[in-house]
Each structure stands twice: as C-alpha cells, then as structure tokens.
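Structures follow.
Shared between the two complexes below is chain A, which pairs with chain B and chain C, respectively.
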Partner chain A sequence: MLESIVSYGLAVGAVYALIGITYNVMFSASRVFSFTAGMLGMLGGVLGALFITKFGLPVIVGLVLVLACGALLGIVTEILTVRPVLKSIEQHLYVLSTLAFALMVQQLTAIEWGTEAQPFPRLIPIGPGWLDQQFWLPMLACAVTIVGLELLYRKTLIGRAFLAIAEDSYAARALGLPETRLRMASFALAGMIGTLAGFTGAEMLLAFFGNQSILNFYGFVPVALGGMGSNRGAVIGGLALGLFQQAANFLVGGIFAAVAVFVVFIIVLLLRPEGLAGAATARRV
Partner chain B sequence: MSISRRQILAGSAVSAAALASGFPAPAIAQNEPIKIGYLPALTGPSSSTGVGINRGTQLAVELINKEGGIKGRKIELISRDTQSDPTKAVNAVAELTQRAKVSMIFGPLNSGEALAATPLIARDKVPMLHPCWVDELIDVKKYPMAFRIAPTNTQVGAGANYYVVDVLKLKKVAVISDTTGYGTASVNTYVPMLKAKGAEVVYQNHIDAANPDLKPELLRMQAAGAQAIMPWSVNAGFLSRICNTRGAMGWDVPIVGQTTLGSGQTKALLEKPEYWNKVYSNNFRQVCYANGKLPPRAQEFVDRLKAAKIGFGDTLLWWVALGWDGGTIMADIFKNAGTKNDDVVAYMNKVKGWPGIYGTVTWTPEQHNGFPDSEVVMCEVNSLKDGAFNLAPGYSA
Partner chain C sequence: MTDATASAQPVRVFSLARIEGALPWIALGLVGLLLPLLDDSYIGVIAQRAYIYWILSAGLNLVVGYAGQIAIGWVSMLTLGAYATASLTAGNATPPWHPYLALVAGGALGAVFGVVVGLPALRLRTFYFAMTTLGFATIVTQVALAWKSVTGGGVGTPGPVFPWPFEPGWGFYYFCFFLAALATWMTANIASSRFGRALVAIRDAEVAAEASGIAKPRLLVAVFLFAGALGGVAGGLFSSLQSYITPDAFTFEMSVLFFIAILIGGRGSILGPALGTIILTALPEFAAPLVQWSTFLYAALLLVIVLVIPGGIADLLDYRNRRPLEQHREIVARPELLSRVLDKRSERNAIALTGVSLHFGGVRAIDGLDLEIRSGEVHGLIGPNGSGKTTTLNVISGYYRPNAGQLRLNGTDLPFDRPQARAGYRIARTFQTPRLVGGASVLENVMIGGMVDGSGSFAESMLSLPRHHRDEKRLKEAALLALATVGLEQLAPVRADRLQHSELRFMEIARALMLRPAFLLLDEPAAGLSAEEIRRLGALIKAISREGTGVLLVEHHADLIFDICDRVTVLNLGKTLAAGTPDEIRSHREVVSAYLGA
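== the complex of A and B ==
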C-alpha cells in the first residue's frame, strides 16, 4: 500500500506541480490568472499520442513538436485572450477570455480527437513497478523544469528581465524592457511547461480531452497552497496534494477521496490564506 | 378576368360538397412516397453508434425500394443528422412532424437526444420507433405512440445479474460505477435487483473515472471477498483501468458489465491483451456466435451485407442489425396497416414475435418495450470477429 501511495502520489503530484508552475509563469508576466493551464496539460497528452502513435514520429521529434505547439498556443493565448483585457485587469475579464479560449480548444479537441480516452505510448520500455516511466517521468520533468527555471531566472539576462516584469512592470518598462515581447515569451514558456506536464503524465492519465478540467482544478490547488507566483511552493504543494490524494484513495476511497482533498484544501486556506510558502502581503491603511 | 365574391363562395360550396361525399383521392396520392423521419447522430462525439445503425437502416430502405416499395409506394427516408446534440434533434423533430408530415420517426438513436425529442414527437402525435435503452423513453400513458425494438437499461442490468448469479453461480459481488448520471443510476437500480436474486453485494461505490489508480478500490473489493466485479460505466478509460489493475494484481475474478467493456476503445487501453480474459459484456443472443456459428437469421443477414459490400468489421454487427430491423419493421407495419397514425399504432399494439435480426419483437397495448429478456445475454469480449462476439461460457447454444 505504501509503495502505491508514494509512487502514484509523487507521479500525479509532479504533474499537478508542473501545471501549477504553468499558472505561475503566466501570472508572473501578466498578473493574469490564465485558465489555459489545464488545456495545455490536456494537449500535451493528446498531441503526444497523435504525433508518436498516429503519425509514427520518433519520440524526440514528437516531444519537440508537442513543446513547439505548446509555445505557439501560449503565444496565441497571450495575443487573443490576455493582451486585450490587460487595460481593465481589475474587472477580471481575463477569467472569461482565457476560460472561453480553453473551452473552445477543448471542444475542438473532442471533435477532432474524440471523446474517448486513448492510449499514450510507453516511451521507455522498462518496468514494471518504480521503473515504469509513468512514475518517474513526471518527476524527472518536474525536477528539470524547476532547475531550468531557477537557472533561467538567476543566471541569464532574459530571466532577470522576466523577474523585473513580474516585480514591477511600470518600472521595467521605464528602464526600456520590451514588456509585451517578454510577456509573450513567458506565455510561450508556460505553454511548453504545460504541455510537458501532459506529455510526461499521459501514460498514467491517458490522452483524453476530459483531462483539461481535472488538470485545471488540481493544478490550481498547489498554486493556492504554495502561494501565488512561488514555483517552489507549487512543487511542494503539488507533491503534497498527490500524496494526500492517493492516501485518501486508499483510506476512504470512491468519491470521498476527492471530498477529503477539498476539505484539507479549504482548511489550509483558512489557516494560511497566503499559502504555505507565500509571504503575507502588507496592506496599506 | 375579375372573380366576384359570389363565384368564390360558389366554388367553396362545390369543394365542400365534394369532400363531404368522400370521392376517391387523386391517383397521385396513392403513389406518393411514404415519408419516414430518421434522426441518427452521424457526426459529433457520440456518433459511432449512429454510424453503425445507419448502415443497416439505409440498406433496408434501399432494398425495399428496389423491390418495388410498399404496395407501389417508395419509402422516403428523411434523414437529419442530430450531430449528437439534443438541441439539433429537437429542431429536426419540428421540421419532420410539422413541415415534412412524416408517417413515423425512427430515432433519435442516442439516449440524450431521444429524451429531449420524445415528448415533442408525442405532442405532435406521430408514431415513433426507439432503438435506445433508457427506460423512461417508453410510457404507454405519456407516449402512447412510442415503441421500442431494443432492450431497456433494466433488461440490460438484469441480463448481467442473471449471468453472474444464475449462470456463473457467484453470490458475492462488487458493484461500482463512475460518477456520471448513467453510472450512479445503474448501480442504484441494479444492486436491489442483485439482492433480490439472493446475491450479496459485498462492495458498492461510485468512483471518479479520472482517478488514474484503481488499485485501492480493487484491494477493498478483494478484501470484501468479491467473486465478480460489475462496473457500470461507458467510460473506456475507467473500464480499462479496472481490467489493467485486476490483471496486475493477478486477481482472477470475472468482470461483467456494459457493452463498452468490449469496445475497441477499451481494448486499445489495455496494458496486456490477456487482461481482457474473463471479461463479459452485454450482448444479444441473435447476433452472437454459439459454437463458432451465428444463428441462421444473423448469418443470412451477414451474407446479405457482404453481397451489398457493406462493411461491418469496423463497427458492431448488432448496431447494423438494429438499423436493419428498424427499417424492415416499419416497412412491415405500413404494408399491413397503411399510413394513418391510429391504424399504425393499433397494428403495432398487436405485433407478436416479429423475427428481427437483432431481436424478436412483441408489443401489446400495455407494453411497448418489445425486446425479450431471454435474448439479452453476455459475451466474451476478447472474441470479436467480423463485428460479433462469442456467447459467454455457460449459456446453452
């Protein structure tokens, strides 16, 4: 039982964590909470199965194409759903525009791909047990992503520019940083991370259009638990969510497992509204 | 030339007198085609059933017309693709009943659309033929002109229960479903039926179909002493995970349930082909192989399909047979009762033992569910050949 809780819990948790990071990367650049994160995760699995299984492309080529599609979708999201509403961000119009875009893409996927779950290929034929890719591949992707983002933000000029935009977009613009292009690049990066989450988790979650709503919601939980904008918090929150969800599956089972997750989620937010890793913000009085 | 009011009145009086005297209708009306409204879902997310059924219906109408139609009148099948959308089905009903004035409606072929369309067809007093399973579609008081040529969901569940309890002689059963309306309603209906047959439901639960790991659920079933698993869901992902988990656990209990267990989508998601062993899904006696052979009526039908070069290897034989039965039974009804609605319904109320390919149909004024319980059987899902399955072990041929 413990082995199953840890293996599945960490693997699913890593997928949730990556979706949480996708939310964060888009939010940092735009202050917009884009509901396209689950869509990107869903498409990672569907496009991966399409390129590798249906088109018979090599795994590496399939992965590169999936990431490219993710980046493209990220850019399209920024242009179509975020840029037009940034002027009136206080009115939360982005909730409608990003959600509408995500739902539209989901419906198109259902029509073109089908409404039944389809298999995702086993990329590395080793296993069973812990060696099975469905367990370690999402965790590897999560580790690579978090290390890559840390290096990007701390060691490169463009990464520092991302941080500057996230910290204070007005000041960054005053210093001559191209805010629009950087925001677009952030959405492209988020698109790649989101599709990577879906791609690496698809052997477990299958290539299924319905994964969008699940990933949208369960990917949001680590962001709320870990603190908005905190990638480390998202990783810790995601892994904790996966482990708790799997433990609840064993202990209470059925639909009560989902109920247990939400109860704990609400309790944590009541006790620490800023999230487990987030800092309390000062309020001007 | 001007027409005076007096001339119009005189003309009207003559027309009224002619109608009252009941002179014969013009010969052209005798040769008009018999219009049948047809509502398949040929596109959209739930269209695989409609595409299969449509092959049988089209073939039936084509052959009837080729042989001269019904007493010299051709059948005109007015088909409207519902696109798996209840709204489109409802719009099509209005067109078929009010504008096209069809003599009967076959469909909608999907339950969701049928639930939306049936009250409207009943309101417009047009006879209708159902191929769907949802129990609520047939109610002789609410919908006196609606008849069904397929089993109900209750019959389908009873067929599975019969197989587990009476054929396999297993008494301890785990019954689970996903959290959809279909899944929860099925469990709530079938569990009391199982208990009434003397079975002990040792485990019962509704499970989130998106849950990627069902091992905890199966471990609980195993610990409860379940001898069979009965999952009620149309979600291929959920059903394949049950098969995969059972296989990985090395737990040798039968899985008995709905037709999706035997679908190509479920098969595609299996980790190993052998995980489909001892999995039995609903099917229908007339279109199953017994000792490697189809019943004579079904074999004749398959030969006919092959002669007409209609493929069915990519679909299910019972879907195509259901469409064929729909087309041919309507032709029989019009041949014997004419096209007046009241005559049609009066005739349908007396149909007894109509020999369909898919099933034998019997209707009475009190019972418009025409499919016999005895023809709802279980089949071996890993035996699919040319769109049909072997009867599950334990049934007599």
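== the complex of A and C ==
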C-alpha cells in the first residue's frame, strides 16, 4: 500500500507541480494568473490521445504536435485575453477573460471529443509497479522541465530577459527589452509545459475534458503554498500535495482527502498569504 | 436660507430617479403575478427556474457587482443548499425533516460556507478568491459523488416536495416568485444603504474606503453570509423543481451563467442583472438546436463583455449621465457654512510624532521626525520631492508602521496597521491622486465619508427599518451641506468620473468633512488647481482650522503655505530642516537655498 501511495502520489504530484510551473511562467511575464493552466493540462491528454490513438501517429510526432498546439494556444491566450486587459484600467478582469477563453476551449473539447473519459495509449510497454510509465513519466517530465528552465534562465540571453521582465517590467522596458514579445514567448513556453504535464499524466488521469477544473485548482494549490513565481516552491508543494492526497485517499477515503486539501489551502492562504516560502507584498498608498 | 435653496434641486432629481427606477420593477412584478393566468406549465417551469437563479444571483450581485469580488464558483452554494434540503427531507442521514425546515437549513449551510469560501477575499488578491470559489465548487461536486449514503452518489437523491400552501405547480411558482421578490427587495435595500456604498468603495477606491473607516473584513463577511444564504435557499428550491438531483445537475457552467447575467447587466445595478438572469434562463429554451453550444456561447459572451463593454448594459443605458454638463463651471466655496458642518471644538487636541523613523529597505524615508499638529492650526509640511512628506502623512493615517518613534493623540498611542480605525479618532484625509468611485454620483461619493456615523446595522438596512432611513436622511443632508460648503452642490447628482480634476480635489475635502474631523490631513490639495481656485482653497482650509480642526497641509505651493499656515515644518531627506512660523521659514537661509530658491 505504501508503495502505491508513494508512486501514485509522486506521479500526480509531479503533474500538479508542472501545472503550478505553468501558472508561474505566465505570472512572471505578465503578473497575470491565467485560468488556461488547467486547460492546457487537460488538452495535453486529449490531444495526445487524439493524435496517437485516433490518428495513429508515432508517439514522438504526437508529442511534438501536442507541444506545438500548447505553444500556439499560449500565444492565442496572450493576444486575445491578456494583452487587451493589461491595457485597460481594471486589470483584474484577466480573471474573467482567461476563464472565458479556457471555458470556450473546454466546451469545444466536450463537444468534439466527448464528455466521457477515454483511455490514453501506453507509450512505453514496461512495468508493472514502479517501472510503469504512468508513474515515472510525469516525474521525468517535471525533472526535465525544471532543469530546462534553470538552464534557460541562467545560461541564455532570452532567459535573462524573462527574469528581467519578471523582476521589474518598467525597468526592463526602459532598457529596451521587447516586453510584449517576451510575454508572448513566455505564454508559448507555459503552453508547452502545461500540455507536457497533461500528456505525461494522461495514462493516470485519462483523456477527459473534466480534468480542466481539477487541474486548475490542484495545480494552483502548490503555487499558493510555495509562493507565486517560485518554481522550486511549486515542485515541493506539488509533490507534497500529491502524496498527501493519495495518503488521505487510502487512509480515510476520497471525501476527506478533497476536504482536507481545501482546508489546508484556506488555512495557508490566511496565515501565510505570500506562501510558505514567499516574500512580503508591495506598497499600496 | 441659502443652503436650503441649494439643496432643493438635487433632491428633486433623486426622487425622479427613484420613480424611473421603480417602473420596470412594477412591470416585472405584475408579469410575474399574472403569469399563472396563461396556465402554461412549460412557461411556468422556465419562470420558476429564472426566479431560483435570480435568488442566487441577487446575492451574488452584491459580491461580484458591488464589492467587485470575483466569485466564479458560487454554484457550490446552490449545490450545498440543494443536497442539504433534499437529503434532510428524505431522511438520508437523520430522521426526515419538514421540507420548509430543511429549506431553512439549506440556507443556513449556504451562509456558513459563503463565509468559509470568502475568508481569503478578506485579505488576499482577487485571483485567490476566484480560485477558492472554483476549488470549492470542484470539491463539493467530488464530495457529492463520493458521499453515497447522504447524497446518493452518482445515482442521486429525490428532491423535496413542499406541502400546502406551496405545493408543486402554481403554489410552488408563487413560492419562488415571492422569495425572488424578497431577495430583490433586500439586496436593493443593502445596495442603496451606506453598506452598499461602502462595498462599491471597497471595489473602486479601497484606500479611501479605509480612510473613511470602512472595515472591509466585517462588511464582506456580512455580504458573504447573505449571498451564501440566498444561494442555499435557491439550491433548496432548485432541488424541488428538479424533483431528482445528481451531481451532474450542478455544473460549473451554471456559475458562468450567473456570472454573465451580472456582468451583462452591469456592475452596481440590480435591474440589469435581474433582466440578464431572465434572458439567459429563457434563451436556451427558444434556441433548441444551440443547447449543446450554450456554454460555449456563454463563455464567448463573457469574453466579449469583458473586452468590449466592461460596464455592462446598465452603463450603455445610463442616459442621465450623458447629458452635457455646464461648461466653465466655477467652484465657489462657502466657508461660512462650516460652523454647521463641523462641531465647534473648544478642547485643545494634538497629534504628536516623536523621533519617528521609517525605512523602505535601505532608503530612509523618514529619519527621526518630530512634529506636532494642534487643534485650530494649519500646519504646513513642505520639502523637495522624496523628502518624506506623504510618507509622514501615511504614518499618521496608519498605513505605515514606523521602525522607531511614537505617534500619539493627546498623549495616548495611536495604533498602526489599522488605517480604518483612524476615522473613529476623527482623523480624516485626502489623497495626492483623488481616490473616488467613478461610477457613483458625487453625492454618494461624499456620503461614503460619513460611514462611521451610521447607527443602523447591516440587518436593519437589509430590512429597511427606521434606523436605516434615519441614517440615510442624515447622511444625505450632511453630504449636501458639505458639498455646498466646498461649492459643488450643483454637481451632486453627477457621476464623479465626469468631474474636472480641480472639482475632484474639492469633492475629496467634502468627503473628509463628513467625518466632522478633529484633524484633517491634506495631501497636495492645490496640485492642478488654477491660481483663483488655490486662493479659494486657502480660504476654505483656513476657515476649517478656525472651527477648531487641526490641519496638516502637505504642499508644494509655497505661496499657499505661507499665506495660511500658522506653523511650517520643512523636510529634507526625511529630517526636519527647519520648523517655525511662516516668517521664520521664509527667511531661513538653508530652506531658501535647499528648497525655495532665492
């Protein structure tokens, strides 16, 4: 039992962590929390099943296509729902614009793909137990993403530009950085990370349009726990959430697992609004 | 009397507006009452659904439309109320309850969870609250699926059947109708009370709301209780209308419907969202081929509204505020009215800062400042940009906690980190950039300043009890008087965002006067004013101080400072460069070289 709690918990946790990173990448570039994070996760599974099972494409081609769709959706999100809102006075309307866009995509999926959860193909036929892809694939994806992001941020010029925008977008613009294009690139990157999360976690979570709202919430919990913008916090928070949820599932049942996660979420928000590892907030007056 | 004639005109405009506003409601009410005459049960069911949705949306409207809190998952209250009413009546977990009692329990459960879900909104940014409501909606559905013994799981549970007098059919129809009417009446009462204005102030000008003594957490808790209860009651009715409920009945998309109804209708309106709810409920019935696409279309509609008409229909229909205003308006303040606006203060009070220091990181914004503001005096605070003037003002009004030093009022410490408590000490302020509720009238903006002087409670306002009416009458009279004093009474019914910059400055002073302040802190009130307006402003400030109010005047206009101040403190790099009478300062050598120029 312990083995299945740990393996399943870490795998789900890795998916949550990746969705959390998706939130973070978009947030860093725009100060916008976008409801499209869960949508990307959901689509990763649905599109993967579509390309590989329905169209019979090779796995690697399917993955590339899924990531490309994610990047494209990220760009569309930025152009359609984020850019116009950032220009207006009431910037918090992004909550609604991104939600509306995510819902449109979700409904389109429900209509075209169906409302039933459908199986995701087995990509690498080894297992069972720990060796089963559904356990290690999300964790591998999470590790690859973290290492990739670190390399991007530390070693490349464009990565440093991302950091500059995240740190102080006014100063970055004053230095001549193309803020809008960098924001678009960030959203494309987030699109790829989000769909990767969905793709690698889909054997476990299935290709199901309803995963959107679940991933939206459970992917945000690690961000709230770890502090917004902190990828390290999101990974630790995500894995902890996954383990906690699975342990609660096995020990006390699903109802209490869901309630317990929600209670912990609210308590942490109230006691440490900046996250368990975050910094204090800005001035208002 | 001069001010009596001045206030006569706006009052007439308001009563006219009230009749204009009542007509659609009377029409809607008549249609609702007479609908059963058609004897068409299909239309009856649609109407019942619309009433039920509106009962929830009416409460949600206060949360979303008025307080500006984005509660996207409020459908969870409907779910809770529905399952509570249904399973209590059916006796799934307890001995069976009477249906009406179970409905009340559903409302109570909604109220409790309305507050639980709302807790993060009390101190966190918009998105967290949106996410909490979304998460709660997700979890409630999961629990409904998993808790089979009570909810029946995926199979569901039968809804309650209400006995006489509201038995299924037209009896239940009238039950829903009257509850919807009641919900409308209560929300309209709250919306037009000082609590409604405070909610809008929290939405659009939170800092000014705090300075006016509006305690955001307390007010929001009351609103969440109310909106949650309405959601729960709506859920109980919904379960009866459905006659059988499963978790599938409460999709997240329903939340979107409630939300869009409110946004289409327009924030800060009640009629708009009510019409929006009716239209959105009825529409899918007449467009059957599109039913599959309805959520998609709702979402698309939401996106269009947010991007194109964030003000909703109510804004588009607001003809009254498109009539051109008189050009070349002049602000003629009437300081002679001040004796009626302010309490004559004979006691001598003083706010004293001793050795106050405040650092932002490595920047010493204030560095060991001593300052005393006394009753009946105008104290000028001048200095170059970045010398700590506004920071000092923010320390006094409680926004910043200094790293060292004391802030005392008549020898007792003033608390920090609680700016909303300053109004209770009769310390009022204005802001460097005017903070206003653009969509509300000038009169309403000024009435916000008198929030702490209301005696009626939230519940009294909701039920329109006598104390509510007395509060409203008194606040309105006081606000009109304050507006007459600063010279803006002609503009009382005008939307505040149509005013000129200089008029906004005077409006802020009128709002501050509503507190009958013992101390008034003015942050660059003359910025952007013409020379003539500055002269009138000076006379007004001087007159305010002569009524016994202590004034702290942060300013760059040296002429104004030397004209009206009794004492002046000059700051440089957070330290006192000089302090004394205007004459002493004018001839102070360092001040002249550092700041005034030769």
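The definition used in the following text is that the second predicted complex is superposed on the first by the 276 of 285 C-alpha atoms of A that agree within 3 Å, B and C clash if a C-alpha of one lies under 4 Å from a C-alpha of the other, contacts with A are read in each partner's own complex, and residues count from 1 in each chain.
Basically, a residue touches a chain if its C-beta (ideal position, glycine included) is under 8 Å from a C-beta of that chain, and two chains touch if they have at least 3 such contacts.
What you see is a predicted model, and the numbers here were worked out from it, not measured in a lab.
Q: Clash or fit: chain B against chain C, after overlaying the two structures on chain A?
A: In the arrangement built by aligning on chain A, the partners chain C and chain B clash.
Q: Output check: A:2 vs chain B and chain C. Expected answer is one of first, second, both, neither. What do you get?
A: Neither partner.
Q: Which of the two partners, first being chain B and second being chain C, lies in contact with A:255: first, second, both, or neither?
A: A:255 sits against chain B and chain C alike.
Q: Where does A:95 make contact in the superposed view: on chain B (first), on chain C (second), on both, or on neither?
A: A:95: touches chain C, not chain B.
Q: Would you check which partner chain A:273 touches, where first means chain B only, second means chain C only, and both and neither mean what they say?
A: Touch partner of A:273: chain C, not chain B.
Q: Scan A:214 for contacts with chain B and chain C and give back first, second, both or neither.
A: both
Q: Using the superposition described at the top, determine whether chain B or chain C touches more residues of chain A.
A: The partner that reaches more residues of chain A in the superposed model: C.
Q: Contact-wise, after the overlay, does A:157 reach chain B, chain C, both or neither (first, second, both, neither)?
A: neither
Q: Let me test your reading of the model: by the given contact rule, A:116 touches which partner, first (chain B), second (chain C), both or neither?
A: The first partner, chain B, only.
Q: When the two structures are overlaid on chain A, which partner does A:85 contact: first (chain B), second (chain C), both, or neither?
A: A:85: touches chain C, not chain B.
Q: Could you say whether A:265 touches chain B, chain C, both of them, or neither, answering first, second, both or neither?
A: In the superposition, A:265 contacts chain C only.
Q: Tell me which of 114-122, 150-158 or 294-302 in chain C produces the clash with chain B after alignment on chain A.
A: Only 150-158 shows clashing C-alpha atoms.
Q: Considering each complex separately, which residues of chain A are in contact with chain B in the first and with chain C in the second?
A: Of chain A, residues 111, 214, 253-255, 258 contact chain B in one complex and chain C in the other.
Q: Sort out for me which residues of chain B touch chain A in the complex.
A: Going by the criterion above, the answer is residues 44-46, 179, 205-208, 210-213, 215-217, 219-220, 235-237, 240, 248, 265, 268-269.
Q: Could you pull out which chain A residues touch chain B in their complex?
A: 1, 4, 8, 12, 110-111, 114-119, 128, 204-206, 208, 210-211, 214, 246, 249-250, 253-255, 257-258
Q: For chain C, which residues are in contact with chain A within the complex?
A: For this pair, the touching residues of chain C are 70, 72, 116, 119-120, 123-128, 130-132, 134-139, 142-143, 146-147, 206-207, 252-253, 256, 259, 263, 292-293, 295-296, 298-300, 302-303, 306-307, 310, 360, 390, 394, 399-400.
Q: Within their complex, state which residues of chain A touch chain C.
A: 33, 80-81, 84-85, 88, 90, 92-93, 95-97, 99-101, 103-104, 107-108, 111, 213-214, 216-217, 220-221, 224, 253-255, 258-259, 261-262, 265-266, 269-270, 273, 283-285
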